[in-house]
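By letter and in written order, the chains are A, B, C, D, E, F, G, H, I and J; residue numbering begins at 1 in each of them.
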Amino acid sequence: MLKGIPPIISPELMKVMMEMGHGDEIVLADGNYPAASHSNRIINGHGHGVADFLRAILEFFPLDTYVTFPVMLMNPVQGDEKNPVIWQTYEDIIKKTSDFPVQIEKIERMDFYERSKAAYAIIATSERAQYANLILKKGVL
Amino acid sequence: MLKGIPPIISPELMKVMMEMGHGDEIVLADGNYPAASHSNRIINGHGHGVADFLRAILEFFPLDTYVTFPVMLMNPVQGDEKNPVIWQTYEDIIKKTSDFPVQIEKIERMDFYERSKAAYAIIATSERAQYANLILKKGVL
Amino acid sequence: MLKGIPPIISPELMKVMMEMGHGDEIVLADGNYPAASHSNRIINGHGHGVADFLRAILEFFPLDTYVTFPVMLMNPVQGDEKNPVIWQTYEDIIKKTSDFPVQIEKIERMDFYERSKAAYAIIATSERAQYANLILKKGVL
Amino acid sequence: MLKGIPPIISPELMKVMMEMGHGDEIVLADGNYPAASHSNRIINGHGHGVADFLRAILEFFPLDTYVTFPVMLMNPVQGDEKNPVIWQTYEDIIKKTSDFPVQIEKIERMDFYERSKAAYAIIATSERAQYANLILKKGVL
Amino acid sequence: MLKGIPPIISPELMKVMMEMGHGDEIVLADGNYPAASHSNRIINGHGHGVADFLRAILEFFPLDTYVTFPVMLMNPVQGDEKNPVIWQTYEDIIKKTSDFPVQIEKIERMDFYERSKAAYAIIATSERAQYANLILKKGVL
Amino acid sequence: MLKGIPPIISPELMKVMMEMGHGDEIVLADGNYPAASHSNRIINGHGHGVADFLRAILEFFPLDTYVTFPVMLMNPVQGDEKNPVIWQTYEDIIKKTSDFPVQIEKIERMDFYERSKAAYAIIATSERAQYANLILKKGVL
Amino acid sequence: MLKGIPPIISPELMKVMMEMGHGDEIVLADGNYPAASHSNRIINGHGHGVADFLRAILEFFPLDTYVTFPVMLMNPVQGDEKNPVIWQTYEDIIKKTSDFPVQIEKIERMDFYERSKAAYAIIATSERAQYANLILKKGVL
Amino acid sequence: MLKGIPPIISPELMKVMMEMGHGDEIVLADGNYPAASHSNRIINGHGHGVADFLRAILEFFPLDTYVTFPVMLMNPVQGDEKNPVIWQTYEDIIKKTSDFPVQIEKIERMDFYERSKAAYAIIATSERAQYANLILKKGVL
Amino acid sequence: MLKGIPPIISPELMKVMMEMGHGDEIVLADGNYPAASHSNRIINGHGHGVADFLRAILEFFPLDTYVTFPVMLMNPVQGDEKNPVIWQTYEDIIKKTSDFPVQIEKIERMDFYERSKAAYAIIATSERAQYANLILKKGVL
Amino acid sequence: MLKGIPPIISPELMKVMMEMGHGDEIVLADGNYPAASHSNRIINGHGHGVADFLRAILEFFPLDTYVTFPVMLMNPVQGDEKNPVIWQTYEDIIKKTSDFPVQIEKIERMDFYERSKAAYAIIATSERAQYANLILKKGVL
């Protein structure tokens, strides 16, 4: 353990966040997400929800101000709840930690998958809420 | 996710528990434990306490009935609290999940370290309680 | 061995099933299947039939409810028996373990091969029945 | 599959048996055996018993005629059954396949472990019978 | 050495033949063949001719009955002998070991090369006869 | 770059500091130190002095309060300056960042080497001052 | 340390510069650059600025005289300062060390990225100035 | 050292020449050639010229008689000397060692590069003469 | 294939012989020898006898003139033939290829094994003659 | 190629020399030296003599002034020439490049071997002179 580093951030996760640069993306994936088939750089987040990671990550991680949407969510497919409750939690966390108004994009499942396969890393959580997957795009300091 | 597997158990941890055999030991290490210098087989348990893992593990993991003490704790060094509160939590969890009375050994810090270096794997948690490290010895089914 | 895990499920197979996510596929291949040339992630199932694995896997593995056909079989090429007896066995096992009616797709040999090469893993069994190969698509919990 | 090779023998097992030379030993381990902590060369035999492997192996594998005991069993520790039933099965299989009378040694658990760690490979079966572990010493052709 | 396995078959070759499935191909390459630039899975057959391997392999290896030509030769380029003597030797060996009439295809050098690059493995022999390269396609048992 | 992480701390160094546990040691080695022959875990610190790393590291790194000397220096061999000027710089940095009085041990060159070989990692700096090597022992949080 | 090699040049960087040949390119990336997602050959330059590396590298590294522009900068995107101050520093360093007049090209961000992904290596510095990224193309001696 | 093997031929180079087959190509690259970015199979020839390698290699290496040009040179780009002196040296060496008249092709720099990237190996020499790069195509014995 | 290199010598064997230096030893092992458990550097010589390798190797390999016995054989254990016929073959081959009188040592089986484990490489042949194992010690040129 | 780096120094050799620190040793081995069996870090110097490397290395490499003998030679065994001519060449090179009088130790063959096995790296040259092996101990700058 180090002073000032939240326990949920493992050495691998911290290294990944530091290695990422302007425009690189990280996926916070729920418990059912095909993380291991999308990436070779998987952060074990089993037993945690996505919001816990989001809170800890945004203490360190600058969001990209060069794009309109530095945060992305997956659009529910037809038949599923359109406005998942957890999205509100995410927006609250982001609002609290960000010093500029952050706009969030909702993208189709297959587009989300393509993006996820090109992401720098994926955190495999055990989040049970539906459509709780999240992509963060890194900005500059 | 699979039916009947608790979220805190990652694919790596399940594989490790299945690979272990009679007499093999696993360490549940607190947040300050030198896990990475003791073993090359580290399970990332960052953000969790030891008790959460203990509860999930004992659903699957038989303790060794061929030895007097299938569970080991680290004896506090002089000056530290002699009966850490968390030990009671451990005993309760073990009593609930075990079908035979389990005796727990307290061993010196350096003996614990030697044993830990020979263990099959170490789970690196973020447990903050003192003397919360635990060794489990696997039994037969 | 762990409590509640059937013996036929090796540590590697359990790890693979846990790593898989929504939409990932696993192939249960018969003894003549070109498993090693289709995948780098091969589970050694030598000496076993496909049905034994199917039974054990479906205790843990949720099938995908977002697609019409979460299970796939290989269509016999002309000249071979059209309704392999083993298919009935598979349907019985699936019916018993599934809590929703599962539809099974029959696809052409070459389509099956393409899919198999993109699958997350292949279990190489010693199944001797013809057209006994099977693909399972993972669902959500 | 190849003509004349029993299904239970995987490509890895066949390779291992062929690589072994005069005096090299292979362990047929039961389901509770600490195989993975004894060896880096593990043959996945999950779901099978030891006797199935023994039968298939002895079709190919010559036992060592330069030592008194080319086969070894583990002596039951005090309190366990002294003459495990499965030993009779083993003797029958060995008698049928061997063209010379084979003597079997019973060695202490810890001696068995030392020998196992130095063995060329270990087959990790799911054998449930007690004291079903077996060591075979390879001879010459 | 194992009972019933011809000496020319190394542990690696046996493993490769066992791993291959229906439709996979193996190349028996002559001494001048660019084996190492075509494949990462090379069987060292230095000092041997192709016919010696062919004889030993066909004891175990079923040829594919689902295709017209389960065996392929390389067509001589213009200026070279059209009916290499060694082809007759190959046909005799195949006739003796096969329980069905095997047809052999002659393909152009560049087509042979493409096929060789997609093959499961290549045996690099020291065969000196011209146009002695051979591809075998595996069948089912 | 991340918020609050000093630029001199690379992703590898941060990961190493987080992986270290109670009692693990890290070496801050000068430009002439045989770092690569002492360890396989080398942090590239070329172009920097030791003091720059010391300052950045102690923002995060707790020193061990369970031992008398959580910091170690190398004793000058006969003929070299006995009280290297840089030691005063180190003491000032440590005093500023530590919330308890830290005692520093001076150990013989060969003892320092033995300790360095057992350390968790070595930072290879380009420090030019003599006897500027430093060992830090990690404490608990 | 070696005579005549500046401390900022690590063993890895020197090796990389020596391995590069005519036309190969190296990227000197600022602290926000996505270095790790562009290349597998990353030189750790944390804590340093780009100019320090530029000065040291040009002592050894010949620029390409076969192309018009052996040095490349990234064009500011709209809204950012058009003539970053640091560019003047770069030009001064290059003028001092080069024995021929060097022309510098400014290329678009995405073109710069494509080029960076094909470069031989990337030095990941902690440079804070904007648009401080630089590509050098190696010439002949 | 072995009897009859010239000292300049390292174990790696001999292995590479033996592994090559009919039609495979090897590049003898000068000191400025981008060898490491063209190939993963680099033979260290530092401190030697190309002619020294050519002489030693042709003692063992048959040139391809199935193509018009088994040897290739790189055409000088405009402005450079059209008939590099070293080409005459090469022709003399080839004439002396070859038992048939060898024709040499001159190809454009970019074509040479494409060919070099597909070659079996590259020898990185320190040759200082311009346009001294050479490709040899292997023949049959 | 290369001019002047006998077909039985594979690229790996030639590389190994070239890498060996004064005093290094190579084992020519018969078909029953535990080659793979003695060494990680195994040359596949399946299908060949030891004498074929001996003849080819001694064309290149200088025997050590600084020791009394540069060649070693394994002494038959009691009950086996004392003067294996193949030894005469070996002596004839050595006499023909050596320019000085070579003395051969016979050492005990266990001493032979110790030496074999320290040898630079082992050639695993299919030699069927008893006590046909041979160690060669390399000399200088 | 880089400005000021002699051609005989390969990227690997330069990296090794830079990685070495105070007290680390490098072996310059003749053509018959068992380099590959003494070390895993071998620099290919085939085709060169030791003196060529010595001259190039000492341009960069400081010798150790903390020991009496920073250079070591191997003592001839009885029967060989006592004062090899090449030793004079070495002394001349060292005298020219060193700014302090360097003393050279002669050590027994077996002591030299022990030291060589612990050295940081070995350069495998093709030097033909007897007793031409040399060890250099690195000093400080």
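Keep this in mind: a residue touches a chain if its C-beta (ideal position, glycine included) is under 8 Å from a C-beta of that chain, and two chains touch if they have at least 3 such contacts.
Being a predicted model, the structure only gives us computed values, none of them experimental.
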Quiz prompt | Any chain that touches subunit J and subunit H | solution = G, I
Quiz item: Hey, what chains does subunit C share as contacts with subunit I?
Solution: D, E
Quiz item: Looking at D-E, A-C or E-I, which pair matches H-J on over half of its contact pairs by residue number?
Solution: E-I
Quiz prompt | Centroid spacing, where centroids are CA-atom means, of subunit G and subunit J in whole angstrom | solution = 35
Quiz prompt | Distance between chain centroids, defined by C-alpha means - subunit A, subunit B (Å) | solution = 31
Practice problem: Using mean C-alpha positions as chain centres, tell me how far subunit D is from subunit G in Å, no decimals. | Solution: 61
Practice problem: Enumerate the residues of subunit G that touch no fewer than two other chains. | Solution: 1, 10-12, 19, 31-32, 36, 128, 140-141
Practice problem: Based on the touch definition given at the start, go ahead and assign the chain network to line, ring, star, complete or other. | Solution: other
Quiz prompt | Chains that touch, pairwise | solution = A-B, A-C, A-F, A-G, B-C, B-D, B-F, C-D, C-E, D-E, D-I, E-H, E-I, F-G, F-J, G-H, G-J, H-I, H-J, I-J
Exercise. In the complex, go through subunit B and note every residue touching subunit A.
Key: 1, 6-13, 31-32, 36, 43-48, 52, 126, 128
Self-check item: Residues of subunit D touching subunit E in the complex
Solution: 1-5, 10-12, 14-19, 59-62, 140-141
Exercise. Give every residue of subunit D touching subunit I within the complex, in rising order.
Key: 19-24, 66, 120, 138-141
Practice problem: Can you check the complex and tell me which residues of subunit I touch subunit D? | Solution: 29, 31-37, 77
